[in-house]
Amino acid sequence: MSLFMQALVAGLLLGGVYALIAVGLNLIFGVVKIINFAHGEFVMMAMYATFWMWSAWNLSPYLSIFIITPLMFVFGMVLQRFILQPMQNSSPTMKIFVTLGLSILLQNLALVLFGGQFRSTQFPWGEKSVTVLGISATYGRITAFVVALVLVAALFYIMKKTLIGKVLRALAEDRETAGLIGIPVKKYYLVAMGLGTAMTAIAGVLIAPFHSVFPLAGAHFTLLAFVVVVLGGLGNMVGSLVGGLLLGAVETLVGTYIDPALQLVAVFVVFIIVLLARPQGIFGGSASNAEVGLK
Amino acid sequence: MDNTLLKVDNVSKRFGGVQAVGGVSLELEHGEIIGLIGANGAGKTSFFNLISGMHFPDSGTVEFDGDDITRLDTASRARCGIGRTFQVVRPFKGMTVAENVMVPLLVNDASVKTARKRAAELLEELSIGGLARKPAESLTLAQRKRVEVARALATGPKLLLLDEVLAGLNSREVIDVLPFVAKVRDRGVSILMIEHLVSAVMEVSDRILVLDHGVVISEGLPNEVVNDPKVIAAYLGKED
Amino acid sequence: ACATASAGGTTLKIGAFFPVSGPLALLGEESWRGVQIATDLRNAAGGVAGKKIELKFADVPDVNAATSESRRLASSPDVKLAIGSYSSALSLAASEVFARGGRSFVELGAVSEEITARGYENVYRFNPSAGDFTKMQMRFISEYLSEKLGKPVSELQVILAHEDSAYGQSVAENAKKDAATAGLVNFSTEPYNAKSTDLSSTVLRMKDKSPDIVMAVSYAADAILLGRQIRDNGLKLGAFIGTGGGHSLMSFHEALGDAADGIFDVDFTQIYVNEKFTPGIQDFTSKYKERYQGLPASGHALANFTGANLLFDLLEKSGGKDDPVEFRNAATSFKLDQGKTAAGWGFELNDKNQNERSDVYIMQWKGTKLETVWPPEAAVREPEIITPFGV
Amino acid sequence: MLDVRNISAFYGDAQALENVNLTLGKSGIVALLGPNAAGKSTTLRVISGIVPAASGTVHFQGEDITAASPQDRVGLGIVHVPEGRKLFGTLSVEDNLILGGYSKRKDRKTTARLDGIYDRFPKLRERRFQDAGLLSGGEQQMVAVGRGLMSEPKLLMIDEMSLGLAPIIVKQMFSLVQEIATGNMCVLLVEQHVQNALAVADHGFIIDGGVTRVSGPVQELLSSSLVRESYLGH
Amino acid sequence: MKKIHYLLSIGAVAIAALLPLVTADQFVLHICVMIFIYVGITVAWNILAFGGILSLGHAAFFGIGSYTVALLYVNLNINPWLGILAAMLTAGIGALCLAIPLLRLRGPFFTLSTLAFVEVLRLIAIYWVGLTNGSVGITTPPAEGWALLSFQERQPYYYIVLFMTLIAISISVWIYHSKMGYHLRAVASDEDAVRALGVRTPRLKLTALVISAALTGAFGAFTAMYFFVIEPETNFSATLYSIQPALNGIIGGMGTLLGPIVGALLMTPLGEWLRTTFSGATQGLNFVIYGIVLIVIVRVMPGGIVAGFTKLYRRFRPAERSAGSGDSKDGTAEEIVDDDHISTTAGRRS
């Protein structure tokens, strides 16, 4: 039982990390409508930034996050402005491959600049662990988990209640009409991409204390993040949280009780099974409005 | 032999909280044209979807040409002879108008050559022969509607479901098109048409069915129906 | 390293395959550095048999690239001999092309048994193989740890956690056999996926078995992750023995800090080793420092350096002739005792063209140094028993 | 107020407009008529800026806006209710309306404007929190017009206003248009119900083949035999 | 097909067939073999793309094909030629396994789950050591001769894969112009509408997927014999055999006939050339350049290379304008309501 609880807690904490990485992707995928294969590389960039600030200025990740997040916001906007925006009208598949090119580029740029070394941010506070009822967890992971919750709640609020959120949802649905009724579409795409990238940066910074930093550090997360977003439902932040937690729990429980070598298999199989039952994801709305007179 | 082509018995369909179709029955005979009118959201298109198999009814049955087709999928129904158009037109992008029409023709006829010829004829018949080589997405709404009709006709239907194909035509153009509808019927195709242009519906329909909130509120000969106070209240509005 | 490519008489062209991009970039690059240093030193000393050595380098991040690049180099009539390749899969691919094309391939770093087990007479391996790693581990456990931990071998609970790449899987296969031979009755393996981003389930399963010793085969990131999660979950161990790869890397110590102290590791020779046993290691170390501004990240550079030097010695003996027959004659007749090269290796090929006198040693982290501690002839100090990961 | 001079426009290589001229006053209803594929929708698109004019000019209140972006034009008071309504189906009715008022978002009068719309369309007040996609066609058209009105336009262009609407709603929409056009607003209507359109409009333009053929006050048009024959069918 | 197309195709085939007579350079021939392999799998991938279906799962079929031929050859001593046929069969069966649950999914949902499918197979190939020898992989025994599909020289491989590729292209051309092609292209635009016209789309998509997978499996099998080494990381590599063919196809022009061929013809040598030219310099530099090239191509020719050149060509042949040729594919509608137009026109004002 205590093994089960420990595995479950570990799984949920891991799920928090997945959710954290997925919320940014959810914005980019759900609003900007880009399957961003460079997502993991955004995480990787933030991890490197965290590492370098820590090694150069001994800056704690929990401080550098306030520098890195805005920087990555700008980075996301620049990307949107100069690479993605000019091809807003080309087919979605073409956009996929721009992001793929970007992913290859960023990964290898990191290799060119920093070499293949595996680096670690050593941050004692994040590594300290607490034990409650025989179940232990480190502060670093708990923080990531809590921030994931907060971010999801904040984004949920933003998307539902604020004007920005409404505009973003409108954009996600029909950007041409949004432009027609006077919404500065490009500006909001910049915002969405910036926001998505900034969220991703937060994820990168927060996992840096317990993950190694190397050129491929983010790549392993890309597919997982997609799985989480699709599983939870496009554009649905709560979905990403639930999806992340579900997959995290599946991963550790299957790993603990069946075989760790199969834990990722289990994650993908669960993903496929859930999609079969709910092709729009757990919280995805039904998309067939076409016959109702929309579009 | 029984002359009934389509027999819909008490079908219902609910979407979440909305009872889109609530127990509608209908018998349509060979060679008949029935007009279907009703307020927006009355459930007309949903009713079409139940007949054409885009959705399955929650209850009730659909019989076509003597067979129960309630559980048959769309494609099979189309093969049985139910052709439909979509209210929200759906031309195949990336294909020319002629190619659009070839798609259904190729279902039965494996030869691309004959399909191409037949498509040209059909388009000519709908007086859009000149558009045959244009990309389908470059047409205006009204043109797209005609392509939609051509495509439905190309399935070789016994029953044609027309969902607001006259919308977007001006009065003059409607007058041009109506005889075509009659001509199709004269070839032995039964027609069920949704239209908001009451004068047009009255002109070609043998009978009219009025839906409101998913139920039939009136049914009968065109003249009877338009004078029905319930129809006037729910649909036509008072003449001023 | 690119000397003027003139007539075959004055230069000796050798193909060199290493993955310096992609997921294997780090240790692939380290390996390649070792070869470059050996070549530079040898060329500075006049080359082999009067010829300059010219390396034809190819980056081979994946098997497709390895095949393509070996085709490319093998299509040049001057390249009759190639070296490589750090990774077993790459080695298998590249050596196939060379061997089937009637040329020679010398592996300097990959450990899978498969490489020399295919029966190609022109494929050689100068470095130790996976079996050498596990044999050394088992020896260390039965001859040393068993006594220090106060349990007979048959009672020791030993788990091998390993990643499931070719390296991990082939080490695990050998470990199972060698553990049985060594009388480790309570031996089990825990495979995990090389791309896992979380190893808590592996750690929890191990914790459930309360092992005395955990051995691990990991690449870089997972080695660190495993260490951290063992620490975070409070898994108490008598000893932890890494198997090359990630546990030899400086980054492993950097990530875990003091918690890494006391971790054992079996690997290719590292620079903190009995220098009497490893003549020439100082040259290597200083040359490496000079050229790359830092210490080697792992033992790979030294292993490849040593392997390349062995190769040059052979070529010296064959009079600079690199065609397959001459080279094989030279290789099979060449013998060198252990303790005569910079890695401490000797040289003698067995019937499968595997260098039987190369070996791995047990090292232990202390401070920022991975010091050789066992067997005694190579050791710089005695091993210490420290609870792993500061649990 | 709006002056469209000699515009031409293309879709790729295909010419949709050749020479369209249009002038609109400060208020009233103007009907833009013409057969299928005449270029009516395209004309509206050029005016709202989603299709660029290849030649010719568009002036609004004396200012040359030929090259202005659609957003800027909305800011100036030109609003286009596109054919097919194009609501944001997954957003609530109220959110759709709020977004319609985006260009005026800073004046803090959004709530007042919303109330204005709800007073005009009481049915929408009932449905304010429902997803717009689940409304019936007529209700959707109301939202579409309401969304356009939210930015308090000076020129409201409605394409195919009564397309697919039940006769009773068509009547409502026409009286609605008449109502809103009494204020300081000009409504440019593209409509296939020619009789109805001409019944409410003050002024009419007829384009065909991308060229303005006829224009003038409605009475004149109604008496023109060309108009009667080609558009009214009698 | 027009006459000129016939002549051009025959010319291209003739040049390809004669190339080995001109050069015996084994590396050049090897690169050609790689190009043909990629043309083949890209064309196979593209059959599904006719239907607008973007699969990133083809590495699964490639891997299944590779393992089938290798396992049959190594364990049961079954002739590799038969193995290729068996590979087509198993890849087809694999496609059925993928299709039955996944083909109902649409758009990115389908695409991403195919990617997950590849991951699952890769992980199973690693895990199931008893069958696949795990990550260590399988090596085919050395041999020589047509009987065993193993040669020292590249020429025989060259002709074999050229032949296979031509078959794949022919199948693809035939499908495009057949009933199936029309139906698939219609599905690409609107599946519901196609169903309403009487086309059994699940069966249609399934057939397309199975054909596409079987062809991919055949190339997987050939590649296994060609490379000798079969291991999960490579043969089930999404990067090499899912993303790369998709990339070739999309860069050339997804769903068109010529696009995938052109894409593969350009991208394969580009990658090889960059690696041989730059890899010695700095770790990863060749990929940095590759990434940039990729972004630039996609940016400059958003409709694909073929469409890009068609457009250029049209620009210089204004006489042919607006004659909307029978199979013109460019979405004029979208181009026009283009944000960028707005930005350029807006720019003029300021």
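Just so it is clear, A, B, C, D and E label the chains in written order, and each chain counts residues from 1 on its own.
As a convention for this text, a contact is a pair of C-beta atoms (placed from the backbone, for glycine too) under 8 Å apart; a residue touches a chain by one contact, two chains touch by 3 or more.
Per UniProt, the chains are A, E = Branched-chain amino acid ABC transporter permease; B, D = ABC transporter ATP-binding protein.
Computed from a predicted model, the values in this text were never measured in an experiment.
*Asks:* Using each chain's Cα centroid, which is most distant from the centroid of subunit D?
*Replies:* For subunit D, the chain whose C-alpha mean is farthest off is C.
*Asks:* Going by the contact definition above, tell me which chain pair has the most C-beta pairs touching.
*Replies:* A-E
*Asks:* If you average the CA atoms of subunit C and of subunit E, how far apart do the two points sit, in angstrom?
*Replies:* Centres of subunit C and subunit E (C-alpha means) sit 38 Å apart.
*Asks:* What is the distance in Å between the mean C-alpha positions of subunit B and subunit D?
*Replies:* Spacing between the chain centres: roughly 29 Å.
*Asks:* For subunit A versus subunit B, what separation do you get between their C-alpha means, in angstrom?
*Replies:* Here subunit A and subunit B have centroids separated by 47 Å.
*Asks:* Nearest whole angstrom, what separates the Cα centre of subunit B from the Cα centre of subunit C?
*Replies:* 74
*Asks:* For subunit B, jot down the residues that touch at least 2 other chains.
*Replies:* Within subunit B, residues 54, 86-88, 90, 138 contact more than one other chain.
*Asks:* Which residues belonging to subunit E are in contact with no fewer than two other chains?
*Replies:* In subunit E, the residues touching two or more other chains are 123, 126-127, 192, 283-284, 287, 324, 332-333, 335, 337, 342-343.
*Asks:* So which stretches of subunit A touch two or more other chains?
*Replies:* 108, 111, 115-116, 176, 179, 185, 215, 259, 261, 264, 290, 293-295
*Asks:* Mind pulling up the subunit E residues that touch subunit A in the complex?
*Replies:* For this pair, the touching residues of subunit E are 54, 101-102, 104-106, 108-109, 111-113, 115-117, 119-120, 123-124, 126-127, 192, 243, 246-247, 250-251, 254, 282-285, 287-288, 290-295, 298-299, 302-304, 334-335, 337-340, 342-343.
*Asks:* Which stretch or stretches of subunit A touch subunit D in the complex?
*Replies:* 163, 166-167, 169-170, 173-174, 176-185, 285, 289, 292-295
*Asks:* Provide the residue numbers of subunit B that touch subunit D in the complex, in ascending order.
*Replies:* 18, 37-42, 87-88, 138-143, 164, 167-175, 196, 198, 234-237, 240
*Asks:* Quick check on the complex: what are the subunit D residues that touch subunit B?
*Replies:* Contact set of subunit D toward subunit B: 11-12, 14, 33, 35-37, 41, 83-84, 134-140, 160, 163-172, 192-195, 229-233.
*Asks:* For the complex, give me every residue of subunit B touching subunit E.
*Replies:* 52, 54, 73-76, 78-79, 83-84, 86, 90-96, 99-100, 102-104, 106-108, 110, 112, 133-135, 137-138, 151-152, 154-155
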